[in-house]
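Scrolling down, you'll hit the structures one after another.
In the two assemblies presented below, chain A is common to both, partnered first by chain B and then by chain C.
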Partner chain A sequence: MNCSDRVSREQSGNGGSRQRVDWNDRLFRALTGLACWIIVLMVLLIVGKIAYHGKDRLSWDFLTMAPEEGMTAGGIFPAIYGTALLVILMTIAVVPLGVMVAIYLNEYSSHTSAIYKVTRLAVTNLAGVPSIVFGLFGLGFFVQGIGGSIDRVFYGGQLVFGQPAIIWAALTLAVLTLPVVILTTEDTLRAIPNELREASMALGATKFQTIMRTVLPQASAGILTGTILAVSRGAGEVAPILFTGAAYFLPELPHKLHSQFMELGYHIYVLSTQSPDVEATEPILYSTVFVLLALTFFLNLVAIIIRSRMRTKLRRAA
Partner chain B sequence: MNIENPSVSQTINSVGSGLLKAGLTGTRLKDLVFAKVILFAAVAAISIIFLIFIYVGKEALPLFYDPEAKKEASLGNLFLRQSYGTPDMPLPYIWQPVSEVPKYSVAPLFLGTLKVTLIALLFAAPFSIAAAIYTAEFASPKTREFIKPLIELLAGIPSVVLGFLALIVLASWLQSVFNFDYRLNAVTAGLAMGLAIIPIVYTVSDDALTAVPRSYREASLALGVTPWRTAWSMVLPAATPGIFAALLLGFGRAMGETMIVLMSSGNAATTNFNFTESVRTISATIAAELGEVVFHSPHYHVLFFLGVILFVFTFLLNMVGEYTVARLKERLMGR
Partner chain C sequence: MKTRMAFDNLAIKVRTPESSEGKQVQQLPNKIITEGVNFYYGKAQALRNIGLQIREKYITAFIGPSGCGKSTFIRTLNRMNDLIAGARLEGKVFIDGQDVYAKAVDPILLRRKVGMIFQKSNPFPKSIYENVAYGVRINGYAQNKMERDDIVERSLKDAALWDEVKDRLDRSALGLSGGQQQRLCIARSLAVKPDILLMDEPASALDPISTAKIEELIFELKKRYTIIIVTHNMQQAARISDHTAFFLMGELIEYDLTSKIFTNPSRKETEDYITGRFG
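And now, the complex of A and B:
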């Protein structure tokens, strides 16, 4: 703290010309500072290690070709494609629902009402549920429950939707990332000054018009941030898709909602634990990790930049 | 006595509903529909969390009533001492679901989870709390602006990446330094898991420390207390519940973390207190075995039961953690 620095300097100044060094103070600062910088060092070490080993194999071919020779050669294009398709489907499901819940929490419900409290409690606790439990839920609810019912009703019991598929994996991830979208959007909505809403209502606009034309445009940057954070989270999760649709190797790209798919994180998991030839796959693995990490970091960075811009804008407005 | 004149209120009502009917064709209708849709979305969000519990629980339920499942995996089989093995070498707690006599003792899984989680917390807690004290009390705003995003970046690293690094890099490195008998063990997995929970322990602790009002610090400094003494005996005690909550949330996160332990713990269900042996955690067991299990077999139901246990534990830890933080902020900020 700046203020504490100043005070301590003044203190020692008052003590006379003799500069007394407070060794306890030095030690305490040094120790806590050291812990802090060690964490930073570990982060840099991880990123550096992956970047250093990952760059060897990285090429245009690696990004655009399919794996060959039992995953010991070729590229990872199907995994990149699968990941992209997965998060796009997830986004389509999670953003409208998440934004609507946030609108309900901030614009419609009274903050003392029971339903507000229960919803908030449910949302914050949803954020802490382990990702493997989402995998179990996805298998029990989406694959067997909804998928199985669709098969019984529309396909005469034939196995079409009642098995792991990209749509079920995407919906499972949508449930997992729902709290991210809700909480980020709600934060943004709360930061919008009430005067804007009152001005709109005073001009005779209905609540619906106020929300659609005044509140949501103001909140668009925040909603975008929430979406990006959800995508970044969803792209990195493996446990929820283990049983809901991811596959080790597929000869063709997923082209139907009930196709299985390859995915970057799942690819890393299978390749590093079940590869018959570790020596040959290690460079490929490092490069795959590099691609996944670059993707999530890029998304996080964009989210951080949008958020800081939004803050300066709000500060200026206030 | 009824003050309200019934006929007047009736008139108001009828005029009101008439107005509503007239307006319903246009914007009013949209307004009404929108409100309903929004309410429906909120209800859906609440139902999802109940659905998770219901659907995971539903698949675990046969353990309690289905005689077929109970014969193989009763609650006694799961939790109590069993008479497997020979009298000379009794094996009271064994997890061996795929064998002639399936054995479903959850004790090794609980112990494994506890061992990894303990290492993770012992590693993560000192670093993250000290770092939080540094950034909240001593660091210049510029340093703070630099360090906070970097630690948030650590939170952005997918757990499968940390698992990969633990498996390929950390395990070899630790083995060459400490000469472990088993390359993949509780220490390896625990340290990697520690990395995964540093961000949450740091962030919640930092939040708690910065929530302590400035006036506390100023009062202490004005009395001539040195800055580190102020941090140690003034700010830290005031923020203690928050740091306790940070540890609870970290513990919950570590318990549920799957990919890191699945890849780097060795996955052997052992029952001893040796931290340098391979372990199998609850989460990794679900992840490793659900893919190959026969649907609706006792084994399948046991795996969902493990999911329920994980869900309930993490849910409770989270609730207590969040509640503690909320109470602390209320008290410190007088809100």
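And now, the complex of A and C:
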């Protein structure tokens, strides 16, 4: 402040002071610019290194074959299949629940009501829980709690659902990704002009008809974005499935809700820590990481495209 | 919901536009009667003891400066204010002799009978056809597509829009001009077969030509509907309405024949307002 004041006063007379300020400015500009380059460089380094090392093993066979010879050869198909199945089950669980929560918060509850505040707080806190805690929660609540109870009631204590399984891993991931779906859906609902709700109500529609016929169709793109973001988040998580259903290696694909499964993220963990032959595993590891990254990047890209399209559509409507 | 009677202007508790010119013969019954309506947004009182009678198949204009309560008042007539959290009404509103705030009255059914056109045209982001069909579908007015097509066509014709859109019913309603959108909103309301149309500044966002079309349409609709129009445009009120009510700070100041209000108002406030001294 002082400095710049002096500059303006001495601008014509004292060239030295003016120069010093210019140096400050340039230095700061350079530092902030450098910070940007560091970010770009990091991403390029990660993606570049993985793409460079991963490309050798990447092939159609790699994507469609099972691992062989203690994971030092073969492909990663069971892990891709398991990941897909896992996120589909997760989506089926998380989207209806998340959308319903968002609808209640935005369409029914008053923003000063206790239930609104408590739910808000719960969602915010849920988003901040470390993922390993979700893993332990899943093991205790879903596997041992619900699964164990099912076994006691329906299977006479025989171990069927009371052990790690794809359904429990999917539900654990659903709890983890719930905040993503709720917050995205809520944002979308908030962006829908209130005039449309009023127009519908003024025509004699019930609240339910208004939500089903006017609000949700308008929000569908936003809900889809939330779903994709949840999937891309869920697909990359390892900790929550560690104890709830992911397996080191399985000779066959999961075909029941209580089957265990292989998953890309967990497979990467296994490849990098449990391999009997590190040298032989390394290229496979790089390629697997590449596949996982490509998958999540792709999903995020789709979400971004849908969101930007929705924004232009809403802007045109306004 | 107790009627608050202890108010200063009991004399104007219920007024009819004929009160000043006794020679007016009452040909049609009163469609809407309100008695001692007080309305609160939380603690703020927006309406004070509003009592008036609105005649069937007449156009009644509500005028007054912004925030005078005229919009709030028409929204009490179809219970749109029910949707506002913390809002509260005292007093009675009768439509066709039925107290619309009685427990037995379903606001959903009331809104089918009392249509509403908003200030900002608000078509659904759907096709022109689907906009008009919306009310038909939710109310189950049509057994099949033919009946529904029929209602849609008739409503669009009644709203003087059919000729302009009949070749592009499946196109988005958002592609229409502002005036067309507003007439579409009118058509959408007509499809629900209301008796009463509440219009909240329906032409305030439109150019003069579109406004003229809407006014012409309102005049035409008067034959079959009881119309209440809120307007900021005094010329508009003078042009199209039969009766005019002047609101100020949540109170009904004067309610009379439009010709009387605009030529010889009996209250000083009304005169000040219509001559442009404030507001």
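To be clear about the criterion, the second predicted complex is superposed on the first by the 297 of 318 C-alpha atoms of A that agree within 3 Å, B and C clash if a C-alpha of one lies under 4 Å from a C-alpha of the other, contacts with A are read in each partner's own complex, and residues count from 1 in each chain.
Heads up, the rule we're going with is that a contact is a pair of C-beta atoms (placed from the backbone, for glycine too) under 8 Å apart; a residue touches a chain by one contact, two chains touch by 3 or more.
Note that the coordinates shown come from a computational prediction; the quantities given were computed from them, not determined experimentally.
Legend: residue contacts after superposition of the two complexes on their common chain; A:L178 is shown touching chain B, with no touch to chain C. Residue contacts after overlaying the shared chain place A:V118 against chain B, while chain C stays out of touching range.
Judged by the touch definition given at the top, the superposed model places A:L63 against neither chain B nor chain C. Of the two partner chains placed by the overlay, neither chain B nor chain C lies in contact with A:L159. Of the two partner chains, neither chain B nor chain C is touched by A:I88.
Legend: residue contacts after superposition of the two complexes on their common chain; A:L196 is shown touching chain C, with no touch to chain B. Set against each other, chain B and chain C touch different numbers of residues in chain A, with B touching more.
Contacts of A:G33 after superposition: chain B is touched, whereas chain C is not reached.
Legend: residue contacts after superposition of the two complexes on their common chain; A:T206 is shown touching both chain B and chain C.
In the superposition on chain A, contact of A:F137 is made with chain B only, not with chain C.
Shared interface residues of chain A, touching chain B in one complex and chain C in the other, are 206, 209. Residues 110, 112, 193, 195-196, 198-206, 209, 213-214, 218, 313, 316-317 of chain A are the ones touching chain C in the complex. On the chain B side of its complex with chain A, the touching residues are 27-28, 30-31, 34-35, 37-39, 41-42, 44-46, 48-49, 51-52, 55-56, 58-59, 126-128, 130-131, 133-135, 137-141, 147, 149-154, 156-165, 167-169, 195, 198, 202, 214, 217-218, 221-222, 224, 226-232, 249, 252-253, 255-259, 262-263, 283, 286-287, 290-291, 303-304, 307, 310-311, 314-315, 317-319, 322. Chain contact summary for the complex, chain C toward chain A: residues 78, 80, 83, 85, 108-109, 111-112, 115-116, 118, 120, 122-125, 134-135, 137-139, 174, 185, 188-189, 192.
Residue ranges of chain A in contact with chain B, taken from their complex: 1-5, 7-8, 11, 22, 24-25, 28-29, 31-36, 38-40, 42-44, 46, 49-50, 97, 100-101, 103-105, 107-109, 115, 118-119, 121-137, 139-141, 145, 175, 178, 182, 206-209, 211, 232, 235-239, 242-243, 265-266, 268-269, 272-273, 282, 285, 289, 292-293, 296-297, 300, 304.
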